[in-house]
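These are the structures, in structure tokens.
Look at the two complexes coming up: subunit A is in both, with subunit B in one and subunit C in the other.
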Partner chain A sequence: MEKRVVFNGRLLPYLLLAPQLVITLVFFYWPAGQAVLQSFLVQDAFGLSTEFVWFENYQVLFSKPEYYKSMVTTAIFSSLVAFFSLSIALLLAVQADRHIKFAAGYKTLLIWPYAVAPAVAGVLWLFMFQPSLGLVSQAIRVAGFEWNPLLRQDHAMTLVVMSATWKQISYNFLFFLAGLQAIPKSVIEAAAIDGARPARRFWTIIFPLLSPTTFFLLVVNVVYVFFDTFGIIDAATQGGPAKGTETMVYKVYSDGRSGGDLGGSAAQSVVLMVIVIALTAIQFRYVERKVQY
Partner chain B sequence: MSDVRLQSVRKVYAGGVEAVKGVSLEIADGQFCVLVGPSGCGKSTLLRMVAGLETISGGTCSIGDREVNEIEPADRDIAMVFQNYALYPHMSVYDNMAYGLRNRGTPKDEIDRRVREAARILEVEPFLERKPRALSGGQRQRVAMGRAIVRKPKVFLFDEPLSNLDAKLRIQMRVEIKKLQRALGTTSIYVTHDQLEAMTLADQLVVMNKGQVEQAGAPITLYERPMTIFVAGFIGAPPMNLLDLPASGLPGLSLASPVSGPVTLGVRPEHLELSTEGGALAVEVQVTAVEAVGAESYIYGALGGQGPEIIVRIPGRDLPAIGASLRAIARSENLHFFSRETGIRLN
Partner chain C sequence: MVQRRRLLDFLPHLILLIGVAVVAFPVYVAFIASTWDAATISNGSMPLRPGPHFAENYYRTIFIGTSSSTREPVGTMMLNSLIMALTIAIGKIAISLISAFAVVYFRFPFRMTAFWIIFVTLMLPVEVRIFPTYKIVADLKLLDTFAGLTIPLIASATATLLFRQFFMTVPDELVEASKIDGAGPMKFFVDTLLPLSITSVAAMFVIQFIYGWNQYLWPLLITTKDNMQTIVIAIKKMIVTQDALTEWQLAMATAILAMLPPVFVVVVMQRLFVKGLVETEK
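What follows is the complex of A and B.
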């Protein structure tokens, strides 16, 4: 039985929606609109004259090979982070769901990383993996492996992927755990009596029933890696070495803030926005169909 | 042979709570055994131990010739019907029934044959491609039954399978379960808190209370000769009149052959009849309420005017007035005497 509150007045619904609408307009649509506007403009270095140039900023952007390189970097970075943060979180959640002893403490500890700010997370991992001083680096070196994220691009990528994954696991873990606990216990017991071993139970019963959660997290994680990982990259590698970890969102910042190319940077953020909107739309259109509700 | 034998089976939970306190039962091959009792009496726990969903803390459980204490549910060759049906929500009815067979590597055409046969028996053929959420409660119940029978297991386990259905459907499904079990001849254990369901289904009725078996036997034996006060009060509706007799006797009650000592006297409402004379037991009651249920009626009265309540069943609808004084008698073979201290039958 669904219960619905019915408002008769016309004004009240708008009033109730107003705070949310105002926040959305002021903090999301207005800046986004500004970015679109800015992407059509070219300013001189001192900000004294502004010229409306239509799509010139975009033409310049797409003629630069390093822009495509940052797209590839972003694709690698985001798929690695999304894959690892989702699968590790699911693994941990399945363990937590099974293990009841000390569950509260275990869960609390797993949730903590989410409270760490991205920049701080980047710095933490940088310290641990700093080539000459880092604790982990020293251990790796003793093991006979030459570790240097300051010089090697693949090492730098590994470092940022690890820190971004580590931070996102908590969030995914919480949702996966809630999803697992929402599956009726008797359904899993019925599968056990039906002769399904734990691994088969997981893939034929639990995983399909978790798919709404997985789908939701996939969308959230893609948005996370595209935008929110900025702090981690900024603190850990600044996009280096030699732009090896320069994702699209970091390039927006470095071109606009450090390079002073506001129009070009605005064009990049518009492209980034379009990509994320497109990805989310694709996920809803195609992945959601296969989701079991 | 797929009989089920329980020997002093115990269940102690981590917190030290003893849910099942040494239950021994023998369920013969093909027998329909019903476990009945109030909630918290350990009947469901016992069933789940047979299923392998709960570990056994003490004693042994055997199915056929094999002790199954340490055997996984999957390998016990049992099927279970759950109270909430526990259908796989993301699978069609067909896949729900085929799942157990697929897990055991049954050939495809064999699966198809068995699923279609079960669907025919249970009349769910039109719904094979539907998802469980598109079915009514009764249809879901049938699918859950179908999932159990396709596997041709050694033992069926039922955990209050009808309690989510409405009254009419419950009676209909009760009859069908009984017929199906007879036709298949599969050993069954059925848990319920509904004593009517228990009486009608059981070959062997097991009344449980506080983690122990109060009495086990044919339903009619439990009705005619309850061995404890608990069984006497639990089996039968409306319940047996139970009267605590002090040594001095109760006002309004007379026995042809007086008993000594503090005892509890039991007599069923249907064994009391209105009569002005005679009877091994005679009670004088003042009518406080009457209920007509059609072919019969129940009179509620206070013994001797203000004593304990007594229920008398009378045929027809010829009801006395409230406040009227009546005399009811019972024959000696219908009187049950129990020790007040131990609750155990005396006669």
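What follows is the complex of A and C.
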């Protein structure tokens, strides 16, 4: 799609583009290029000489069990958050889609957690589940369950999954609600006349018709867990205990901060870039079919 | 809708009310904690109703700050966060508007190259290139400055794509009319295009303000001075792992204060927020 009528100007368009292009080149392409370059280099211990080593950094990276562990952690974390936030949001959206009173009010009351910073969400849940003084953890202890996210990896994972899910429900809810409202009512009425009960109507008509929305949200949720949960993890568990909640992004940060292995850290960044590009490509392939640019 | 049943009318309300309660509970607990004293919280006997220390805790948080971990008053940090969020939101919108205008309304060599250079940045979130970007900001001597805090986050393809898409829907007749009236490109941009884009700009502003306010990893690396901290990174610093030292009532007051501006924006400008959210994801 192109405009038929345009303005003439030799210098002006370049001047208009300049701010964005300069910032993009300096703060996106330059560092990304540095990361790629560095991932092929090895520095000696004193930083005096560097050597081009091809894929050695990647070989070292993929021979480390910790790296696979962070991959598994990321996979578990993403699937749990995606599963819970999608199903809870869908349940709530289906209720809000019925023509009930206060539907708009419920919507307002459900969407605001989107605006809460991930780090703040992490702190809120940490406080409730703090082993010694948390309100909820005390209740759990009274029920006879030994809860301690500072010592148990599975408990720490539960904690970050809960905070990440809590924050993501609002987003999924909005998109599910929009998806539900786009389904023609006549289809559902036809099924009702044929005698299909609500549960059957949901699984045989509504859910399949919602599948584009669900798929889109699935990709968005995975991207969210990969990159936007850094604040939650850093605030609630710092990747611990014993790296039990260390995702791939968190590992880039904690390895890079402890310093030393520049090449290895850069190789991790490049692996992440490849993953984002793949996820974005999936998202666009799908979105392209629906939206015309 | 389809059929009316008494149970089916009641059940949605029940489920939604439970949903709303579960979603609001963590914030309620945080608010309650911000109205009690440290001793009540740390011995684990905090009741579920507001305590008597509301004014005292919030006064101390905003004007004095915590004693050990973050030192600066939270009021300063809120101001820092506000400057950061506004600069990111306004900066992003400004540079995206003009670059989208250039790509849509002009024909020039390397037009599509420029477009793709911007487009690809969709795929490079700051988290994956964090240390090289940090190094560049450090080399440019921008650590502990608002420029270093905001400029690297200003460039993004989302807003440019959104405005490009919107400009495409603006009828060509408007350009022709402007040309007949003898208006140049900048006059057309300011007098015709900007007024038409106002809703898109506002929707974008809501999303980008939240994005800017909630930044965490970037300010964490870029700010080393206490008086440059933003409120979001300060909260985490207030939580000391050895919990005896954590002043929970102040940390929770800070959490509430950190949530207020973005949540307020979402609730008050809900329509624009939903529009912005749906459009940026396309």
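Odds and ends about this structure:
Just so it is clear, the second predicted complex is superposed on the first by the 226 of 293 C-alpha atoms of A that agree within 3 Å, B and C clash if a C-alpha of one lies under 4 Å from a C-alpha of the other, contacts with A are read in each partner's own complex, and residues count from 1 in each chain.
Just so it is clear, a residue touches a chain if its C-beta (ideal position, glycine included) is under 8 Å from a C-beta of that chain, and two chains touch if they have at least 3 such contacts.
Note that the coordinates shown come from a computational prediction; the quantities given were computed from them, not determined experimentally.
When the two complexes are overlaid on their common chain A, residue A:Trp30 makes contact with subunit C while staying clear of subunit B.
By the touch criterion stated above, A:Arg200 is placed in contact with subunit B alone, subunit C being left untouched. Looking at the superposed arrangement, the partner reaching more residues of subunit A, out of subunit B and subunit C, is C. By the touch criterion stated above, A:Pro208 is placed in contact with subunit B alone, subunit C being left untouched.
After overlaying the two complexes on the shared chain, residue contacts for A:Gly231 are found with subunit C alone; subunit B is out of touch.
Shared-chain residue A:Pro13: touches subunit C; no touch with subunit B.
Using the contact criterion defined above for the overlaid structures, shared-chain residue A:Arg98 touches subunit C, although it does not reach subunit B.
By the touch criterion defined above, A:Glu189 lies against subunit B and subunit C together after alignment on the C-alpha atoms of chain A.
Subunit A uses residues 189, 192 to touch subunit B in one structure and subunit C in the other. For subunit A in complex with subunit B, the residues that touch the partner chain are 184, 186-187, 189-197, 200, 204-205, 208-209, 292. Within the complex formed with subunit A, the residues of subunit B that make contact are 51-53, 72-76, 78-80, 82-84, 86-90, 99-100, 103-104, 147, 151.
Subunit C makes touch with subunit A in their complex at residues 1-3, 8-9, 11-13, 15-16, 19-20, 23-27, 29-30, 33, 41-44, 46, 48, 94-96, 98-99, 101-108, 111, 114, 117-118, 121-125, 127-133, 135-137, 151-152, 154-155, 160-161, 165, 168, 172, 175-176, 179, 184-186, 188, 210, 213-214, 216-217, 220, 232-233, 235-236, 239, 243, 248, 251-252, 255, 258-259, 262-263, 265-267, 270, 273-274, 277-278, 281-282. The touching residues of subunit A, counted against subunit C in their complex, run 1, 3-7, 9-10, 12-14, 16-17, 19-21, 23-32, 34-35, 38, 88, 91-92, 95-96, 98-100, 102, 106-128, 130, 132-135, 138, 166, 169-171, 174-175, 178, 185, 188-189, 192, 198, 201, 216, 220, 227, 230-231, 234-235, 249, 252-253, 256, 265-266, 269, 272-273, 276-277, 280, 287, 291, 293.
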